[in-house]
């Protein structure tokens, strides 16, 4: 088995983009323009190589990995180098059922993003930044070291910050800073939580890979195993109070990233101002970092605290779900609406986690994946809309079905996928979430009326999407003048690269809608085992030993 | 011989006068004088302590401190001169181009 | 990766091909869409392939043939339930329901065929094919549709795929999935004329209204899932599972089924989620025929019919009667309400839309009554009770069948009328300035002018000009009205009788019983009114006078359906009501055809029970005499001079003329009454909904958005601006005067001094 | 402690032990002499015979080169820096220099060497990068090559730099509080003059005056504190003081003395409320000097605090020192918050950096508080000694890497200054278009200051926080493993300093990011569109800073180890 193969996933895009950027930064303006095409091609090729690697991994080209059989806290393609030995920091990478779908998703979205934003201005800089973004995102998912995880976690901010700042909309200055500061604030609190967690290890009997100076380790598998041993004994790992506090601190970082109401207001600003490519990656992968982190750390380490905060998380999830959807109804900005819909969908993930059911977790994991395919398409559509009509207002352009059938079709497809149409990827997750939620409610003896909120969101979602389609795709026809922002130019349909990107995204939306088992089978063992290992002992305890 | 404690007390008084003067007076020169007062308070204390402990090092300290005070005055006056050249005042309250 | 469980219990060899019934149209969808986009406007594509119509046609024919083969196999003696166990394990996951192990669960797809399936499968595939034929005649001759018919056919076949899939699916989950696909297609098809704001808004309304129902359906499904751990019919209908559930959570089950019923209410356009159906007439007429009469609206009925095993389960005896009543009551209320609104509609298709609503309500009432009977009678052991239950359920299903055929035909006929009126209008008004062919300019007159080809004001006296259409319309109307011996009569009588039978038992059911009886008369009135206004009397204006006969593509399905409707008695005689509802009953096993027909006749007209004997005649009297009589009095009339209807229509027209002459009265006062105004405004229900949408939903969402921006984001901004002003304060302490800095040093020194002094 | 070599002043081994300092001294002499060499002659009195005298007169071409002093200073400082590193790489040789009477004067060990590394490194960079950009006629003027050549004040500037370095190294080596004080004053006087060096501008002299006068008051207070300590102990030797504290450290007199000395050093590290002169000084001084103030000078103050508090006043089981711990903790909290809040609204990049430097002082004080905290909390024992080393390591690491990115940021501003001022945020406008590499460098410095990974600033902040948390958690981890049960409140209160620090880092991102936004988003100011005029020296210095920032951030292990060694060699009983 070629274990090393997980290394270039992180290093390659980062190094490549730095080399490209260094190359470009020495060129003057005209040179840069000429460089734009080859660099775009180069980044596309690089990203396709990454995609080939991850896809090859899936098809076991690099070694016999049974993706369906990876159990909780065991990893494939692991690789460990000493990094900062004195602190117990290693460059540790590895993949499991939790991270592999996300890594594949990232490598999949990279070329798609590049294709979808083929004609972005100042491409010689833009495309390497996209590549760097991809590298940082992959780093977050493959990191199996708390320090490394945090480093990549923050590293993702930098390319995104520049994407928004340099290629964004009118208020990009405000939005980019808000994005950076807001998420940074939350993650430093998370960092303090991580460090506190780190020092609660026993230095007298140090764990494996402990640092020479500290006697503690940042190694996630080691810590997880340790916590698993402690928790499955029925003890609270680190004790009740500390577990709760640490859980809350870690959660804060992840909830802001997710984002959950009331920590979500950076998202609409960031999305509205971000360029298409930025939005695609932001919504497609970056938001999932929050959910990924929740699974990787608080859920895996602090099941008791999860149990303790279950209702709070459920409440936040419900509120996010409903709040996001209701706010969407009141939006007139296409991108803002889609951004809030992301908030709503992330609520699904949170509810899935809070149900504490293997199915709920599988739903959350699948939602991460499905939303990762659907939301880039949403934003690709928004971007194309903006690109062609120079406006983001719903109703600025009507009768798109007439003028731009491709865009109209893509939009309808993406909207329908997002509103949870069966046989498209999003539906599976929503359905599973509802079932898991009902299990939760039934177990708690709660009324069915609690289901109405989340379920009604499906209708509300349909409401705002249909409303926006009515004012964009439909109506008008010959009578509608193209928007004034076009200044009388003819209305173009989307360009060929955009079409290609939409087709790819649509194709995979259908593939994973019709054949969700491709991803779900991978998640099955993981969710079941983490539940058996961590949650079941607690639940038994809580239900009076029954 | 004077009780070192009394000298110490006097030095404390001088120190307080010096510190108080430093932030109540506007004229830079007077402030500089106040600072000298503070340094001299320390010197007296060193001397008193030297007597108290019967240790000659204290006197060495005093000598060095006097030298320091002297160079401080030299630097201070040079700077005040330059300030006067630019601002045409050496009132501490009026030299406030830099603030906030 | 799909794990395949292999327990092949395939009864019928044709069953293996059942997935093709769903798949073929689905593939056709992609093919037509793709080819349509590529060859749009190409003459071969346009003329020879009818923009995809001729690709859809063989596909639908294949689906029908496969369905018929399946049905024939099924009827051949393989009675009982057939199922493809070879499922696709769609979703595999685990749930924890207490205890120490995790249950592995999977949501899979498979095929399930039983009597109800077979019946609806035939209806769906048969009508889909006919409507496909009709569409080729209708859509491809209307220049407004030029170069976009491929979209129509693509969405059409996808719809058919959804419908057939829904019928064949082996679990409530996949029923729901295909149900939603139908919803999508309905949305797309209603919004086919996307450039019309009214179509766009109607499409949205249809999707949203049904979606609201779907939400509850989904909750219901989830609850059902929790009860049974599966949504597969095979699991949930298994007696031992139902028994287990009945022991603990019969109440929850009723809630689950009730919520699922809300989904059916939305899909089948019942009160209070009925508002979308009339608006949905914005779609092209074949769409109306397909979706809003023949198939999609039946999905709700199908869903309710699928719940029958719960109601019939022995262990749930008496536990679900409340729900049965609600089903029946919703049906009763909708029946009367829709019929009343139909009184005042001038739009041909809207009359039919309300009629659809009303007739579906009949079926709901019938289903509700049958379910009540099944739930309260001891029918597993008592043969009489068994018979009653079976017949009651069968009657409802039979009405579904009859109505689908008749209403499909009526819509197609109305489409044919509209088509020709429209053409006549064209011919009359635009002949001169359209010498250079049919171009896109047609869009203009279609939208701009106020001529409404669907309004009955522009028709009248068409019986002679469109004989086939008029005949079809006549037969269809008669079937819907329940004129003795024709079509719906057989089933409608059954529904009314059963409603009253239940009402005797449970006084609550007097409401639906009265409603269906009253509804019979109302149906008689509005259907007759529609026919007479359209086909009898003199042409209302110049356009109507110039209407010509219609084309073969359109005539064919009308012709076929006329015969199907007329031969309803044969189906009845064959024991439709039995085999559609009873899994044990085998076709013609007990009686031969003639005996069957005679039995039905006797049962209908000479019932041994005096109550039902009288009831039958009251119903006939109301539906066949009072209703039509009133309609004749108001709207009857001779054809124009020189026009001659076909012989079978002549007496009717003559009769109407006579009644009109003899009994005509002035109904202006009634027409201007408050009630009539209210009816014309659809009882203001839409208005209330709109108001509620604007005031409550939009108001609420605006409030929430405001809160989001001002409170939540406001907090963030307040923190930002607050820290900025704090910064200003802090920085202003750096005054610029060195004196202050020295002061601060002194203060710091003093503070340290005091602190240490105080402690030490 | 065994392998300490004792060397008498000017005795055997003195030169080899203090080689870097002597190098500086030699350089200082060269700086004074060489630029003055010329064709001057000396007339023997009473005769007309003129002997070539070489001093004064028309200077040689070589000696009249205004870059000469800069080169001498750079080579001297750089050489000293490299020498320190060399000494370090040769293994730690600990040497204590004693007076004839046997009093310990100077101690050469890893700890002092690391600080010398900081001092010499910062000053060498500052001197090197000032070479071709030193302002003559005040902020706003452009310096022509010609003007530069005629500027004889060049020599003064670099002489002051070197004396500053000398003073600082004395502080680093001192084992006697008064020796330390003298070194401090030497360095301070040099910096006073350096700050006021732009005497042709209003802001220059004003900043110099403020810095001087406030600094003098502070050192006056400090000296008085020293005198009190002397009065109490009869000696200012660290060893003596430490022993005295261990015996009876709870009386008011020495504690107040410590408190007063704290004021003196507090001014140097610009801790609130003694920091007020700092922003004015930074804003008025030329940027490399401001950079020195923010790095080397601050390190010097920090060094003094460490010596004072940890060596003198924090012996084991000393209850009384809890008082200064509280003082220090409060000061840390106020300082970091004050600095960040003030920087938030500052429109002058130099003032902003000054306030940010105040904030960083707060972080370091927090670390210092934590080191002090391990001693007297009953629940903390076990590996607390190692924990204290860890915090010291963090502190040293922070001071070292601060040189890279703080000074680097000032150097970037100095490039702008040489074009025409850097006192408005808008002067950075469009830097990304004008000089992409410079903008990227500034961006790296900014995010490093903010503590965003993977830059050195992140690692240093992480180390500080880790150190604090480690002290706060103590050996609870081990006790939990033994079945102990704890709640959050069981942690030492210094944990909340870590929390405050984390929150403050988040606030700080705001103003650092604003600089980035201005560089990458805003348009250049009127008339400042083209590339910047500047020589290669400053760019090289900036490049060195960038590389250090990034490299240390990515692979800081060796530096951490060096700092750990240094922390361990702090001559104190762990």
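When the chains are written out, they are named A, B, C and D in that same order, and each has its own residue count from 1.
Definition applied: a contact is a pair of C-beta atoms (placed from the backbone, for glycine too) under 8 Å apart; a residue touches a chain by one contact, two chains touch by 3 or more.
Fair warning: this is a prediction, and the values are worked out from it, not measured in the lab.
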Chain pair with the greatest number of C-beta contact pairs: A-C
Chain with minimal offset from the mean of all protein Cα atoms: A
Chain centre separation in whole Å, for chain D relative to chain C (CA means): 80
Distance between the centres, which are taken as Cα means, of chain C and chain B, whole angstrom: 98
Chain B and chain D, separation of their C-alpha mean positions in angstrom: 25
Euclidean distance of C-alpha centroids - chain A vs chain B, Å: 64
Residue list for chain B, restricted to those that touch at least two other chains: 19, 22, 28, 31, 92, 95-100
Per-residue overlap in chain A, given as positions that touch at least 2 other chains: none
Residue numbers of chain C (touch at least two other chains): 731, 734, 736, 738, 740, 742, 745-746, 749
Chains that touch, pairwise: A-C, A-D, B-C, B-D, C-D
Residue ranges of chain B touching chain D (in the complex, touch as defined): 8, 11, 15, 18-19, 22, 28, 31-32, 35, 38-39, 41-43, 45-46, 48-49, 52-53, 55, 57-58, 61, 64-65, 68, 71-72, 75-76, 78-80, 82-83, 85-87, 92, 95-100
Residue numbers on chain C that touch chain D, as the complex places them: 720, 723-724, 726-728, 730-731, 733-734, 736, 738, 740-742, 744-749, 752-753, 755-757, 759-760
Contact set on chain A toward chain C in their complex: 68, 178, 182, 261-262, 264-266, 323, 326-331, 357-359, 362, 399, 401-402, 405, 416, 421-423, 427-428, 431-432, 434-439, 442-443, 448, 451-452, 455-456, 458-459, 462-463, 466-467, 469-470, 473-479, 515-518, 520-521, 524, 527-528, 531-532, 535-536, 539-540, 543, 546
Chain A contact footprint on chain D (complex, rising order): 382-383, 386, 389-390, 393, 436-437, 440, 447, 450-454, 458-459, 462-463, 465-466, 469-470, 472-473, 475-478, 480-481, 485-488, 495, 498-499, 502-503, 505-506, 509-510, 513-514, 516-517, 520-521, 555-557, 560-561, 564
Chain D to chain C touching residues, read off their complex: 209-210, 213-214, 217-218, 221, 250-252, 255-256, 258-260, 262-263, 266-267, 273-274, 276-277, 279-280, 320, 323-324, 326-327, 338, 341-346, 507, 510
